[in-house]
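Should a chain be cited, it is by its letter among A, B and C, assigned in written order, with residues numbered from 1 in that chain.
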């Protein structure tokens, strides 16, 4: 009897990333063919649509980029916390908090010009997310409360707060009793970069690059990584953890909040419950696939965004949402997850014979 | 290793070549193609299920091609992205079945004047290619209230409601009026779940009402959880959206249900012959878009007969659910005797009638 | 318990190799039925590996396992349990929110068993062996001693005939430990066999019938009758020769005092006193060795000096500077190099790269405003690698791929690169191969030659005897005796390690 085991390579394959990406993608697409044929679709037609709708035209790129923005920022939020070994599972709620703050500024600043209003909205969104994440950060640093649980629970708090606002104080009198916040003014909407792609793409890219740089190039980022690798080592190196935990959680929340502000201002008509769009949870996957490295988040988010856009698009050809989701997962983990073979190799080992007393 | 890799690559490239060769097949059909955008999946047995049943029937009736996308969230770009995709594929009718698609549909209707957009449950429209469709669900709700009012023994009924918006409040009021037409002492207690589909919350809310003494549970969400709790507790249940008797065979009394087939066929036909003209369409039991599901066998014959009479009277226009005299929750006059509430007032209804326990805040 | 009792356990000539390490090199263990048998040895002597083989966690590369005279080949702990072998691990494997009875049943059977039935059964077993415990209480309410009783009950309930206890007293108070001794005796009198792993000598002599001593993966003394040996003998057997390569450096006159410790006190992880009123002075150019059976406060002393454990009393001074309350980084700047016992996890950060680990102590000097200058970091790292002969892969890859010897070279090299006045080395050669041991020992000798004061804590007596200028023996948090390594007898050192005080 033989079985396959993953064996860690003594040295990671240098320059293996593009190759493993390609192989993983091909394997995933081949497996996807089986899935599509089994569910009664023409895989060629589906793949063509998948490709064309996500990266096949400038319109397609606009969709992909717009989607990569919240994915990338949420992924960055999780990765920044993750580089210190903290788990921010609350990006979803922080996105909502950011969007709420931005929507609030948009209401206060009715009639203000875009160059004033939009930056204020985005700053407010950062504060909103940061505020929501600061509680778990302080609780973790001061009394050791597990941040996974607190951040997760605050998601619900943020959602309920938004529901209350929409059903109560923010209800638009012109909505005939329907629970709707007022429409965003044109001045509150992010200008377009090209096609329907908005300027959030640039903002998100700069923010991700900035944090990628901070974490990999500064002493502060270095301390973060030491603390993330081993708390005892950090103490040994004279790095104080408590202040850093709070700072990192606040930054993480702020980044997620910014995603909410950009989502609201860039793609929404008004603030609704769906503004967070599950990006906060998807961000955990983005960060994990980027191996918790902020610098890797942008690329993963772009691929993730393209796969999501393509995966949604093929549903218009009659692929059910569940088959589409499986296909998306296949491609994503095939293409990105194959990177594991840069560090591990597959070996088959003999299974020992059963014998003895049993 | 390298050789195998090359072969793999060759296979993929071949697939690619084939793909581009046969990607542009065109069947030359000129039939209308209609796309439906769902908030959930037909598997919910509720709201989306009813729409999908309507779509299938309309497809059968008109011969049109239809396509659906499921689980499309509100408030994101997804709706617009789907719609554009469909339009690029030659679809000329886009039907959105959730309230939150409204702004996207309005904007798209401007952008694509040749495409018909019909929106379920909203209020925006234009005079040409954008309309809204809804049904006077309060009519069958009233009838279901009659059944519930006749069957309650504790004179305490529960209503597990989604959000305090006019559509839901109108339903609660109509139900309560139906209950009290049979049983003037009965009261209807409301719990808000702030959910449209969350079986855990909705089931727990039903449970809470049952524990407070409610022996009939009505509901306004898309899950069947309330019915399952009623079944387990041995009390009765008025379902919603579709005939849900399979989920709680003993508890199920009846259900006010949607039947979208005729309306969908109508939209598709109007789009095909160019007569679609937007505007608001608020269909009634007479139009068939709303109806009452079959009533449980153990409901006494005289009750069944009374409900049937009222149903006929509503269809004939002789009975109007919101015809005065109706008192508001605090006892003041809501609709004076001899008057009937206007459509505008009904669409903006934000207060309860007498006999409802709970608040709209 | 007679000498002709049949053998319950026979492990014969067991070999087990792991990558780079031979954990068991011909270990043998023979345990008579109905006895309590101690397995003694320092950390790394191969006790745990041998017990893991006995309990089915590992499979031996060579050798035989016989239980009650029958040859066995275990594939898993459940296999071993089926043959009546149960292990009580050092870390308890209990679910805190479950009750005692629930924990005992957990994983034992696929069948659903009535709770009241189990509780009665557990109660019965508990009474039989004097294990006072309420089966209905949730585990989180229990003390460590009570939790251990649950673990013991778990093996008894599963009808284990052979119980292995891995350092059972490490988590217990002295009173609880005495209580445990009585329980184990009852279990043995019931005809079952107990294997007791420890390095606390007085417990071995108090509780056990026989003892087997392991050193370097081999059995150095088999089935000694405890009545016939004393603690000093055992201590002498436990410590001893590793492959010594370095030669004793020539005598040199020590300089001025560099590290002064006055009246040091600190607590262990259970907040019990671990070091009591300890006084120590180390002069420039001398190596002071600390010998002692592990668990006598060496680890806590090192951590207290390094600033990783709060000091409850006393004073630590490095070349005249009071550092009693200074953070670790300040101590480094003041000239303290520290090689911690836990290389990975304290000394080194496993997920970080070679470079990132190399600059751990000095990264603040490699800054230009907020930025870390990567060329400087790389140069610094390369310097360490060259000077200390660290063999690594690419220096921008995580250190996880490095061998134990190279990890330690990197760590020691980093600590020495700050040109320290005092080096505190805790178990610096433990677990290293021959070359690694020599390299590290030579580095310490070089430091001494250059006038650095070295405090060397080791479990390897030969290493201490070779390298030290003075040898101190620690017992229960105190220094009990000082030896001149050039003239000391192993037997006397062993006696001091067992607690025999300096008469002077």
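Descriptive notes on the structure:
Keep this in mind: a residue touches a chain if its C-beta (ideal position, glycine included) is under 8 Å from a C-beta of that chain, and two chains touch if they have at least 3 such contacts.
Computed from a prediction, not measured in an experiment: that's the story for all the values here.
Compare each chain's C-alpha centroid with the centroid of every protein C-alpha atom shown, and the nearest one belongs to A.
The chain with its Cα centroid farthest from the Cα centroid of chain B is C. Here the spacing of chain A and chain C, counted between their Cα centres, is 44 Å.
For the pair chain A and chain B, the distance between C-alpha centroids works out to 33 Å.
Inter-chain centre distance (chain B to chain C, centres taken as mean C-alpha positions): 69 Å. The set of chain B residues that touch two or more partner chains is empty. Those residues of chain C whose C-beta lies close enough to touch chain A in the complex are 59, 72-75, 79, 82-83, 306, 308, 327-330, 332, 338, 340, 342, 344-352, 356, 359-361, 363-364, 366-367, 370-372, 374, 393-394, 397, 400-401.
By the touch rule above, chain B contacts chain A in their complex via residues 5, 8-9, 12, 15, 18-20, 22-23, 35, 41, 67-71, 73-78, 81-82, 84-86, 89, 99-100, 103-104, 107, 123, 163-166, 194, 347-350, 361.
Here chain A touches chain C in the complex through residues 8, 10-12, 14, 217-223, 225-226, 228-230, 232-238, 352, 354-358, going by the rule given at the top. Chain A makes touch with chain B in their complex at residues 23, 26, 29, 33, 44-45, 47-48, 53, 59, 63, 66-67, 160, 163, 167-168, 176-179, 183, 196, 267-275, 277-278, 309, 312-313, 315-318, 320-321.
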